[in-house]
């Protein structure tokens, strides 16, 4: 069946999430550099078509907890350290999405599809 | 509004596309190494949840054309060299997607959403 | 032969360059988002061991030239848009490196190895 | 000081390691897809200048151990699952390098610099 505009909006939202995660996962990050990285992720993904807003929080407390176990003062960015929201608008349909941890895995999910 | 299962299927399909592109864009590639890279991309993305099939063709003729212009015998993987199809199934809904070049940009699009 | 400390310093400098390029190549970038991306690249790579300073300039004029040819208002980060300098210090040896375009390819090179 | 050819060889070897790690870290990987990914990593990095040989082993036993803890049947590629050797030759100097885990971090190191 021909996809509807609302379905295309959801597809576009998924593209943004997958892009964000696989472009930036693995980036060296520390509590001190978390803020510049969060801003760069937001602004770079907002460049993509139909992307209205990206909010990235890098969880510095979780970073500090991870670093307390080892000798290094930085680690690699992964889902455990990320709280992300993305809003996409496509042909009048607005889609809100979120990334949350579930059972130790970053789960990306649709929150709301608006008319 | 609460997303429907068909919309969630489209979101999942988008995640796979964004992941594929931003994980592997930039990989050094030549006509000789194109085949092993295409297989690895297929098998790695097929690991993702709800992903039924990924077909990747790396366009070796287009690669050869790009390399004919310069001194190097490899280049970086980008959308210009890729033909990709992904099939996702989620709660009984099957989504087919494709990446094609349009105006020099890789355009990812929904082809079909099945019931 | 056992590597010397000066050789290890050069190896470390190479790691930073390869990391920087392959972590961030492919990131969506526009003239407006170039600055936040450049700062994030600098701060993330400076986290790596023995890395004293990273200077990244994203060439917005070159970006604007590339975008003038097409319908989009962003593109993917690649060597053509980057001017990078990295300074590494390892066991008393300081290494300065640079990335420059040569024949259309990003060439990373050692500038100076100090005692 | 002007870098020596042996130092430049070490720099080149570092570039290959940083490239390999930051291009492929984060790739979805399972015991079944490990082999195609390892081959693709080898062949793609061997494209880079002065790179004579790349050997990648993805540690499937370590993968299985990691997956036994959670609900998923794949994870993201990271240093914990990798055993890598790279040989670079530059102007008559051959450099051998290895990646090993140390204190839970992937440590890239020069093994041998030959005349």
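General remarks:
Should a chain be cited, it is by its letter among A, B, C and D, assigned in written order, with residues numbered from 1 in that chain.
We take it that a residue touches a chain if its C-beta (ideal position, glycine included) is under 8 Å from a C-beta of that chain, and two chains touch if they have at least 3 such contacts.
All figures in this text were calculated on a predicted structure; none of them were measured in a lab.
Remark: rotation between chain A and chain D after Cα superposition is 180° (nearest 5).
Taking B-D and C-D together, the chain pair joined by more C-beta contacts is C-D.
A separation of 27 Å divides the Cα centre of chain A from that of chain D.
Centre to centre, using the average C-alpha position, chain B and chain D are separated by 24 Å.
Averaging Cα coordinates per chain places chain C and chain D 20 Å apart. Among the residues of chain A, those touching two or more other chains are numbered 19, 21-23, 26.
Those residues of chain D that touch chain A in the shared complex are 21-22, 25-26, 69-72, 76, 78, 103-105.
Interface of chain A with chain C (complex): residues 19, 23, 26-30, 32-33, 36-37, 39-49, 73-74. Across the complex, chain A is touched by residues 1-4, 6-8, 10-23, 95, 97, 108-115 of chain B.
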